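Below you will find the structure I want to go over with you.
Labels for the chains are A, B, C, D and E, by order of writing; each one numbers its residues from 1.
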Amino acid sequence: MNSGAVLEVVGLCGGYGGETVLQGVDLAIAPGEIVAVIGRNGVGKSTLMRTLAGLLRPTAGRILFDGRDATAESADRRARAGVGYIPQGRDVFPSLTVRENLMVGEVAGAGRSTPDYEAVHRFFPILKERARQRAGTLSGGQQQQLAIGRAMIGAPKLMLLDEPSEGIQPSIVKDIARNVRALNRQTGVAVLLVEQNLDLIVSMAERGYVMEKGRVVASLSREEITSRDAVRRHLTI
Amino acid sequence: MELAATLFSTAYQFGDAFAFLVISCAGLAVIFGMMGVINLAHGEFIMCGAYVTAATARAGLPLPLAILCGALVAGLVGMALERAVIRHLYHRPLDSIIATWGVSLIATQGVLIVLGSTMQGVGTPLGGVAVGDRSYSLYRLVLMGAAVALLAGLYWLFYRTRFGVVARATIERPQMARALGVDTRRVYGLTFGLGAALAGLAGGLYAPTMTMVPTMGATFMVESFVTVVVGGADIFVGAAPAAAILAAIRAGLTAWYGQLFGQIGLLVAVIVVIRILPGGLSAFIKRARR
Amino acid sequence: MNDARTFAPEAAPRDRRSGLAVWLRRLEGPQTMGRGSLFWLAAGLALLAAAAYPQFSDDYTVGNAAYFLVWTFMAMGLGVVWGYGGALSFGQTAFFGLAGYAYGVLTINVGAAYGFTWLALILSVALGGAFALLIGYFMFFGRIRGVFIGIVTLSVTLVLETFMAQTAGPQWRIGEARLNGFNGMSGMPPLTLPWPGGDLVLYPGAQLYYALLAMVALCYLGLRMLLNAPFGNVLVAIRENPERAEMLGYDVRVYQMLAFGLGGALAGLSGALYTAWGQYITPSSMGLTSAALPIVWVAVGGRRDITATLLGTLLVLTAFQQLTIYGSQYALVAMGALLLFTVLLAPDGVVYTAMERLGRLGRPGRRAGR
Amino acid sequence: MTEILRVAGLNKAFGGVTVARDIDFALEAGAMHCLIGPNGAGKSSFFRLLLGEHAPDSGTITFRGEDITRLRPFQRIRRGMSVKFQVPGIFKALSVRQNLEVAFQNHLHGADLAATVERVLDFASLGDEAGTPAGVLSHGQQQWLEIGMAVGVEPQLLLLDEPTAGMSPDETRRTGEMLHALNARGITILAVEHDMAFVEQIAKRVTVLHFGAIFAEGSIAEMIAHEGVQRIYLGAADE
Amino acid sequence: QDGPIRIGVLEDQSGDFAAATMVKVHAIELAAKEINDAGGIAGRPVELVVYDTQSDNRRYQEFMRRVLQQDKVDVVFAGFSSASREAYRPIVNQFDGLAFYNNQYEGGVCDANMIVTGAVPEQQFSTLIPWMMETYGPKVYTLAADYNFGQISAEWVRQIVAENGGEMVGEEFIPLGVSQFSQTIQNIQATDADFVVTLLVGAAQASYYEQAASADVGLPMASSVNVGQGYEHKRFTPPSLKDMYVTTNYIEEIDTPASKAFVEKFRAMFPDEPYINQEAANSYIAMNLYKQMVERAGSTDHDAIRAELGKGDVCFDGPSGNVCLDPKSQHMSHTIFLAKVEADHSIAFPTVWENIAPYWLGDAGCDLTKNDPSAQYTPSSPPPAN
């Protein structure tokens, strides 16, 4: 296949212990692309993201990151190579302060880039205001912003965004969309986005994949994705 | 003059009890407070540090170096143990109780079999100093200084350095930390090793004042656990005041009513403090601060 | 409240089965492993074997088996408190010791005639349970939880130990009974059954063994029923997420306190029986090492299931004793190694893991990792 | 109509952060009301105050004519409240079925209990997962379970904190329909949501919270048109 | 009956007490070997059944039952701590066994099933305290472990000090396991004591000496347990035990031909033995006394053995000199050595008291030749007068 992709996934299988959730996923993302993955609850979207981040070990298939085989690489090495993961449910470090959460984010970029707090604070001003508050006491939306900011600090080449709009107020959803797109434009970071929020998908994604029962069953072009109906059709039973 | 002597005596007793609690609980505070591992082999790391200190000191090493040796060896043993056993038990704190109890049995009895039932100690250095009509051990003043330095050093390490922040993050959400690029295995290994080294340091510092037997670590256990827990979730905010309160209670009761009341009073104080502040001291301090 | 409901069934026919039948049905349920005729057949056979075994064994071995049975109550109690209720008590020995001393004080003062020893046993257990309720009230109504429970209970048992250790002087007596400090109290009678033609003294041997076996079986079945009853469900829910349980309308504190009281009563039963068994009780049975032991038994067997707890306790007691007999100085090293391997290889407990494997052989099922 | 809930002069601060500022709020029995507001406005905290998880600094909460300000959470629940939290608070090691049993057994027993559990399993599309430990469900499935636990008991007042987060548009609509059905049975519903389509679907009236205080109140159309609400919450009209 | 004579040995080979008790097992093994080499007891070989009781009272209960019921031993040698003895005593009584308790203790056990070879307070304190008062002065401070041994011993000290016209200027009890003594050291310094009686027990409490030395307490110390049992002078760095005086019935430094021969035999068999303490000698003596009684009785039957004991002439010339069993209390007479620890931790023997009998129990009314109360008495709760 073409080797220009930031991420290329071939026949990926995997899941939890004995249970296979992913049943052969194929997809590819070119540098600077924003690609959405849609699908109903429980089809394995988050499982795919976790496997790509290296938190779950695939049972078959290959993951190429930047053309390099990363299938067997550990999560931390992937992160340091430039995979930024923003999990569903945010997973901020609750007892650490906002500022300390961001400090942890520095690790991924160590050696590759200098942490750009300015940029993060520009995108998410609340993170500056609440720098000394414990992340666990932030509201849901604030935590989501922190999780994205934390990944940003590490200067990723690819961001894995799992349902970033969940629980976020409309204006910030728009902000996030705008910010992620701006980030994408400024730094060329590629984004793999899992979403259920139509507006966000439509406003962000350049193309998309549809998942069903652990497989990619359809690919959506730029035209299809901007027409809400196609997306909606795939999300209904 | 009389008054000054009495004051000194009181301060000395308090400082002595405080130093004992702080020094003996520091390693546990790191391992339990930071990593959530209930380490019942804490006492054996202390014993390890004490034995190594005594052995190297009697082989001719100056005492301060011997103590560092003790801490170092205990730290290395700790890292090895982490790699072999503890690594598999994170977030299974209750299983870590059993495993570390097993380690403690093996260590105590193994030392007994290999090195015999006792070991010759090292004498306490520095001798005594007279204040008023009483005399005091100078070395104990050194211990008090060491306790304060230890607290300051740990606070700095865990709150002011990136290693500390990353370590705390790792312990809280290891998966997420890994996904952010943290080599969690290394962090775990180092943190546990640090805790073990601190226990070893406690052993080394107290080696000159105690009987050297394989079970010597047991004398530290109850006090250190109690201090760490009364301190509460945030060990570094809580441990120092916890040690101070417990030391004051212990020293006071011991002075007025004897050792029995000191002992029982310490335990009762623990129960009462936890009852009044169910989240430990640190939760209370946090709330008060805001 | 509104009669028409979206979810609730419209006035389903009332359950006409009697209370007893409901309870019997609770012998099986989601909170305990083992169901179906095969399981009960195996359990019946095990009981039968246990009952027949004294016929094929010598007095010492039977007496020793009785001794093992003595400890299982404390283990099962801890299983309820810790395994099901999620409160790790490090101080079950406090209730053990208290009841043990109570049995001694009562029987030394009143004697063993007319089966008084049994009344003393019941009173001691009640005392252990009441004390546990008190401590439980103090802790759970004081919002104490997690590791703090461990430290509070440990402190309680150590206070008792330290206090009892210094009661050597003659002033420390309750009626006829000298507490006798660290050396321990002795001279109390064993359990005695009034019997035509002379009381039966239950020295460790077949008679005591049968009495204990019956008690263990009753206690085990009773706990199974309780754990599968709504009480058990709520207890487990509280272990998993106390805040949520409260938000479903349960007074979490009361459930935890009751479970703790039950655990204390069972520990007390062990304590009183232990005293009767050896006619001796000592403060060190409330000390640090003694306090750690029940935790080891329960953890090694498997704390998440009462059957695993029971079998595991017997297994560990036997294994440790055998090691001590044949291992001389190396026994403790071997015990330590055994614990390590158990935790690393069978994290849910040896018996629990074995039972789960066995169970899975029978039926296919979806069961993902923890 | 009668009032089921009244909150008067409610205040609560955590250190520097005020999460409730002089809140006066009332709910008619049978209402279907939405609470919206920026992230961090204090919506979830308001729920926690209603439920007794946080004690207010001042103010009173009256539920069905009774002052419940000093009651413990479980006592409030028993008086007829039920809640779905923002972050699913399920019992991870229990099976899905057991989760529901625990949720309902305070009110229902025997065959009633079993039947209700089956209906809720069906409603939440969790029939296949009934025996699965709840902790391994996908995020969306956990949300469904949490909703099932809250609605199955059919309380007087149902509190829902972001019930449709993580749901697909279709599921969101279905949830809305279910809430309408419940409401038709007389159950009062108070929901926190960020999904405006959903809010439009269910809410007759909407309250906007901002910095812990009530910022605006009115019908959904009014709120969408409200300039202040657009500024603090909705963002500029779609690009 | 011709099979071997089986001897149960229950001693702590691990746990807290191991330091002082391993040597007891070795002493019994040495005696057994000698007896077997010389043709056994009445021609029957001796066979040891040894269990490690792990410093755990429960193990004593388990194993006492085992040796008596399953191994069917003829006699048991058992126990270090008094608590362990009290734990197994009901079981020995239940099966009517015979047990030797070869340990220095607080005294007072009046039990026909028990023979005690260790020294008791009247033997150690009636000698030590008057000598100390004469040498250093009449003001005494007692520091004792807070349990039976310490409390009862302190009671003896108090009584003897009073009888000799001295004065108790302080008395302090330390819970077991306490290892920090700063406050205690202050308390002692606050008095004008002439010497300190230290009745401290266990590894933790032994830390007192080092801590007292480093605080320059500088008072002479008197003890019935140290040195003779736990060889603190070998384990601590000089001069922390300087001027410690101990009454012991044996330690390896004793400079008599019998003692030297014993040490030589012992080290030949156990070259790495850290120290041969008084309990080792007592255990060794006990084996030989048992041999003598069985041979005289012509049987291992307990009543026959006790009949021999009742004659009052069961004596043995051992490493510590001549010792005899007292028929009334079934305790043993001792030669009591006053050991003084010098600044370099070498031992001097300022004086020796020969042939001190365990008189108290008999005088107080315990007479096992007449009846068997199976009880433990203390000066403040003596046998009921009858």
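Simple rule for what comes next: a residue touches a chain if its C-beta (ideal position, glycine included) is under 8 Å from a C-beta of that chain, and two chains touch if they have at least 3 such contacts.
Each chain and its UniProt protein: A = Amino acid/amide ABC transporter ATP-binding protein 2, HAAT family; B = Amino acid/amide ABC transporter membrane protein 1, HAAT family; C = Amino acid/amide ABC transporter membrane protein 2, HAAT family; D = Amino acid/amide ABC transporter ATP-binding protein 1, HAAT family.
Keep in mind that what you see is a predicted model, and the values were worked out from it rather than measured.
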Each chain counted as touching chain B and chain E at once
C
If you walk touching chains, what's the least steps from chain D to chain E?
2
Which chain has its C-alpha centroid at the greatest distance from the C-alpha centroid of chain B?
D
Chain whose average C-alpha position is farthest from chain C's own
A
Whole-Å gap between the CA centroids of chain B and chain C:
34
Would you mind pulling out the distance in Å between where the CA atoms of chain A average out and where those of chain D do?
29
Using mean CA coordinates as chain centres, what's the chain A-chain B distance in Å?
43
Euclidean distance of C-alpha centroids - chain A vs chain E, Å
75
Check each residue of chain A and list the ones that touch at least two other chains.
16
Where chain D touches two or more other chains at once, by residue number:
14, 136
Chain E touches at least 2 other chains through residues 14, 146, 173, 175
Complex contact set, residues of chain C against chain D
1-2, 4-9, 12-15, 30, 230, 233-234, 236-237, 239-241, 243-252, 365-370
Give every residue of chain B touching chain E within the complex, in rising order.
9, 12-13, 16-17, 20, 109, 112, 116-124, 126-128, 130, 133-140, 208-213, 215-216, 218-219, 251, 254-255, 258-260, 262-263
Chain B residues within the chain A interface of the complex
162, 165-166, 168-169, 172-173, 175-184, 233-234
Under the definition above, what is the set of chain E residues touching chain C in their complex?
13-14, 50-52, 54, 56-59, 61-63, 65-66, 69-70, 82-83, 85-87, 89-91, 94, 146-148, 151-152, 173, 175-176, 375-376, 378, 380-381
Residue ranges of chain A in contact with chain D within the complex
16, 40-42, 46, 88-89, 126, 133, 137-142, 144-145, 163, 166-175, 196-199, 203, 232, 235-237
